[in-house]
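Pasting a structure below so you can have a look.
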Amino acid sequence: MKNTFGSSVCVTLFGESHGAAIGAVLDGMAPGIPVDKELIRHQLDLRRPAGRTGTARREQDAFEIVSGVFEGRTTGTPIAILIPNEDTRSGDYRRGAVRPGHADFAARMKYHGFEDYRGGGHFSGRITAALTAAGAIAIGALRRQGIRIGTHVARCAGIQDVPFTDPEKQIEQLSNTAFAVLDAEKGEAMRAAIEKAAEAGDSVGGVLETIVAGMPAGVGEPWFDTLEGMLARALFSIPAVKGVEFGAGFALAEMRGSEANDPWILKDGKPETRTNRNGGINGGITNGMPIVFRCAVKPTPSIALPQETVSADGMKEETLTITGRHDPAIVHRARVVADSVTALTLCDALALRFGTDWLRGDPA
Amino acid sequence: MKNTFGSSVCVTLFGESHGAAIGAVLDGMAPGIPVDKELIRHQLDLRRPAGRTGTARREQDAFEIVSGVFEGRTTGTPIAILIPNEDTRSGDYRRGAVRPGHADFAARMKYHGFEDYRGGGHFSGRITAALTAAGAIAIGALRRQGIRIGTHVARCAGIQDVPFTDPEKQIEQLSNTAFAVLDAEKGEAMRAAIEKAAEAGDSVGGVLETIVAGMPAGVGEPWFDTLEGMLARALFSIPAVKGVEFGAGFALAEMRGSEANDPWILKDGKPETRTNRNGGINGGITNGMPIVFRCAVKPTPSIALPQETVSADGMKEETLTITGRHDPAIVHRARVVADSVTALTLCDALALRFGTDWLRGDPA
Amino acid sequence: MKNTFGSSVCVTLFGESHGAAIGAVLDGMAPGIPVDKELIRHQLDLRRPAGRTGTARREQDAFEIVSGVFEGRTTGTPIAILIPNEDTRSGDYRRGAVRPGHADFAARMKYHGFEDYRGGGHFSGRITAALTAAGAIAIGALRRQGIRIGTHVARCAGIQDVPFTDPEKQIEQLSNTAFAVLDAEKGEAMRAAIEKAAEAGDSVGGVLETIVAGMPAGVGEPWFDTLEGMLARALFSIPAVKGVEFGAGFALAEMRGSEANDPWILKDGKPETRTNRNGGINGGITNGMPIVFRCAVKPTPSIALPQETVSADGMKEETLTITGRHDPAIVHRARVVADSVTALTLCDALALRFGTDWLRGDPA
Amino acid sequence: MKNTFGSSVCVTLFGESHGAAIGAVLDGMAPGIPVDKELIRHQLDLRRPAGRTGTARREQDAFEIVSGVFEGRTTGTPIAILIPNEDTRSGDYRRGAVRPGHADFAARMKYHGFEDYRGGGHFSGRITAALTAAGAIAIGALRRQGIRIGTHVARCAGIQDVPFTDPEKQIEQLSNTAFAVLDAEKGEAMRAAIEKAAEAGDSVGGVLETIVAGMPAGVGEPWFDTLEGMLARALFSIPAVKGVEFGAGFALAEMRGSEANDPWILKDGKPETRTNRNGGINGGITNGMPIVFRCAVKPTPSIALPQETVSADGMKEETLTITGRHDPAIVHRARVVADSVTALTLCDALALRFGTDWLRGDPA
């Protein structure tokens, strides 16, 4: 399995940046789930570059659901979603020097030069639009079961957002925020910093923090299909993600056990942990607390500054200056992809645990 | 797939801490690879608690290769390895209160109380001995192809080891070091800090850093089976690992693109990058540079200090004081597991890419 | 994995008979393989109903390759193929009584009535057009390696075709024959018998026999991923296939060992078997002889005769008379699907064995 | 995945005929299911050669459950079962000429001569003892849900058993019959015919027919993971199985649609089909009728008669006379393996459909 993931709910991706279309096939979703096209539209819009901090490329991301939805509901058979590529100016691209920080050299070693190099081809962040559309269906399904996912830009260009304090409410708020921060002022500061980097011909990265509220306990496996491992595998597919940590993550390495262990207490007669440094997962399995994780997003590799590199054939050294439209940051756009990938992975884990009808939320 | 991972080279784990035996089945290894029992023995010894910083539990970790090896070489059919549990004092354990930081509560929600709770059961770190034995065979196979893996304790109890400077030589050196640091003095300081935590009835965590030298370019997939995703999925199986980052990882989030992008240069006429902030992987695919990643290891959850928790049935609050033998740190033991999991994952990715005979290293 | 199969070369299917389009995603094909659109066109034409023995539904099966092909060659990334549904007269269909021999009742029990019932929905034989298009690319790739696949209607409506005598030549001949028989006269008799059944408002079935020439020895696994098991799993996806047998198949059950065992001899100094009653596979692994198998294809379940059945809700008994356009036989159309499914499965098995570049046929 | 099958309930096999032990790992079974060691013992005894018609090799097939069972019930974690090889007389075997009908040549091409050739190694029918033990646990679990599986020798050495008429009762009866026929006289005739073949230094084959009663409707997938495809993939792992057909199977190819379609009727107000020519599966999904299929079993390839073959290195022609102990028929022993493989596959399909707790049969 390569461009497919999942065991019970599965996603297959296809497409290149400058091909006819990109798309996704979402298989294994429970039948009878209402498909909210507005939500798909909304999520695609959140992913699109916008305002000051986006690229000049403007596409409607018109999507078409080709199969698997009938009379407004999932049929239970594969849902194919197609997103045509409209605004493709291939003239902007030709097989040039290896772009540092991009997959150009690695791709050539794998595909022997037969890869579609235009605009990053199959490696383009644009492919995440298809993931986003599929993810929107998964997000809609999870909501019916009271499971909600939210991601904010926890850190960008050295500026830190405030932490989650009231997840349920903040998730709701984030779903309607283009630049997803919990503190709007921090967001303004981040955008200013992004703009400043752009003016310098450079780019910035950041950290995304995701929280999942309402996840039932007892989901995941002790080895290999640990919920952490399943999520991480999917999250590392998001271009530019170079690190994933759960709960307190790397900070746990600095703590003592007495600090890292989350004490169990009774709240309204039900067990929960006082802190959540393990991020809702123990031994690979959900413990009923919110799932919390962070993704490190590296700065956009396409920058306007001249860069040291080698020619496409790897034979001589060159200086490369990338022209054209490019995001000075993608961390704020990637957050909707993080939500999507999380939703798809959780649907898979839940369907494996509780059966393929569970996401319907109806009596069997 | 649950306790199995891999598509071409696969590992299945089984066993509980206090059952008859633990073990692993390693399937899909190329035929004809010499199996070095000394190396398996050596790796198992590195994993065992030792000296001042280990638990009081002492086992030989005698292992038996039950199948898949004939006349000292792999046959190409499944290799089953069995490690009997000898020193199991079940009297030390009974189903008590939920242990904070452990999988007890999550497991109960998944297995409805039928899980073998003795000594952590199937969640016990002891199961990693089986992973280590299987990993040793993979490590031996990779060495024949010039691929070498080394992991050091980059950080423990707030003390930082020096970075890799001469990977090939340092990997060799680490393979013979019980407490794996590059700077022996840092190691002494770490051990002293571990001891100090133990005296306080507490435990410490740390960070492991792994480097893979000699990996060919062009291995991995752009989506889902990114090499980062494949490795992370496997690494999160190591009990206590709560974060995985590649290259500069979370530090990339603080950099600008001009700093994060690794410039390509020619060295002896061959392309390589001047820095390696992407950790040898671009777009999910190896680029020929060393693979570098770090794992956050949380402090051992079993501590001697009294802890706030709930009863096994989750009905009332309790104070728990854990007695018996427990490691005040496992980060230094986990490093051999990190090596093993890495080796197994790379064998799988390489066999997928180059075929099942590639690891033989012979002409087809 | 549901609508996806394969481990290294994978196919995902989607679409419903009366939706916007059907399609397939073919992932994992080696990069650099020329994609022959004429061959795809040709294979789709062979699958289409034609002449006297076909349905009245006429579609061009216009296909579009949406991704994964660049400058006429495979890129190595997922190839998405889309076939729009043009001639869909949904007025012909409404959710009526359960059609005997169809999936109607089983689908309702699985999808709770949310399935797209029009024209068989996702169960429609039409979906095999997408398999056929994907299969054509696989067939083209295998030919470059000297592996050729041919299927004939070995039996239909009680009439038997002659057996293969000169596979290489006959495979070539079959690839250009609309009604695939080795003896044209037998084909005429079969078509007459089909017509006769159609006149009686009834339908007929048959047996397909497939031969694969040029397959290397040593491919397949001893357990579970036996080449027989891999092929059978894929072949049973072809609607109406209810039996699969390899070599002499069920006839082997009547033989003695001395007759069933294929004696080994040397031919031009190389080992081969005098007979091929094991169909080129021993112990799940190819032995270098042609792979031979047969599929039992049941008669088309849609017939004009009145049939005893129950209502859509399963609450009362009804008599059903199916009107509209339906094939009196599909065995002759299914043969190109058998070729396709075989080619896709073999590409997967070969890529697993020899690596993802092997199908390129170039030096590494 | 090679020696592993299943997505939710998985089995991994290992071992060689003359190694230390063979075994299986059964993963994903619901927790809390009582494990009946008597049933495992009983099933292993049914598989063992016995009486007149068996080989001279006598083993207790002592089995040990190494993990995954605690206080007599499944824990939900992997169940490893070990069966030591005791009566291994390696002196009987050495790497001799290629045995016709065996995997010797195919194995050499795959494993380059590194395979354990003694007694068939990993290809030995003996490995099915491990499948049988794992299968017994699955059979026990299914019984709790009212699902029962029975297989009889429908045909052997040209003699036909009577068909199933009262499945529930006959399944019970078969489970206690060493030579599994529905008509004891037919069984006597078969045994006489087997004996006669043995006296001639030859062997015979047969056909197994399996019925599954109590299977719920709505299980299986329309493409690739059709229940037919899942079962066939597993059944072709049984050594000597060369054909699998469902319902009327190949006979369907001779019928007209009006005969092949199973009419739906109401029985006690519930829909069922009057006939069952589709074997309980439509469109890859169970329809609530009993699942029925047949496997063609070829004659044992090891015969006493001299055979034409080539030397182990494939360089020269030889005449081979096999000595030692060998079954003149295995069809009657294979039936318990068919039951086992069926049970394991159904557990997987049911767990995927209804979740991992379903097999417990308890309220969630």
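Every chain is named by a letter (A, B, C and D) in the order it is written, and numbering of its residues begins at 1.
To be clear about the criterion, a residue touches a chain if its C-beta (ideal position, glycine included) is under 8 Å from a C-beta of that chain, and two chains touch if they have at least 3 such contacts.
Small disclaimer: the values here were computed from a predicted structure and weren't measured.
Peer 1: Comparing centres built from CA atoms, which chain ends up most distant from chain B?
Peer 2: The chain farthest from chain B, judged by C-alpha centres, is C.
Peer 1: Count the C-beta pairs in contact for A-D and for A-C, then report the pair with the higher count.
Peer 2: By the number of C-beta pairs in contact, the winner is A-C.
Peer 1: If you average the CA atoms of chain A and of chain D, how far apart do the two points sit, in angstrom?
Peer 2: Going by mean C-alpha positions, chain A sits 45 Å from chain D.
Peer 1: At what distance in angstrom does the C-alpha mean of chain B lie from that of chain A?
Peer 2: 27
Peer 1: Just the number, please: Cα centre separation of chain A and chain C in whole Å.
Peer 2: From the centre of chain A to the centre of chain C is 38 Å.
Peer 1: Could you say which residues in chain A touch two or more other chains, in rising order?
Peer 2: Those would be 1-4, 7-8, 13, 77, 110, 122, 222, 353, 357.
Peer 1: For chain D, which residues count as touching chain C in their complex?
Peer 2: 1-5, 7, 13, 98, 100-107, 109-110, 122-123, 127, 155-156, 158, 197, 200, 202-207, 216-226, 228-230, 232-237, 239, 241-250, 252-266, 270-271, 273-274, 277-279, 281-288, 296-303, 305, 307-310, 314, 316-317, 331, 353
Peer 1: With touch defined as at the start, can you tell me which chain D residues reach chain A in the complex?
Peer 2: 7-8, 77, 222, 352-358
Peer 1: List the residues on chain D that touch chain B in their complex, please.
Peer 2: Within the complex, chain D contacts chain B at residues 1-4, 6-8, 10, 12-16, 19-23, 25, 27-28, 31-32, 64-68, 70, 73-80, 82, 110-112, 114-116, 121-122, 357, 360, 362.
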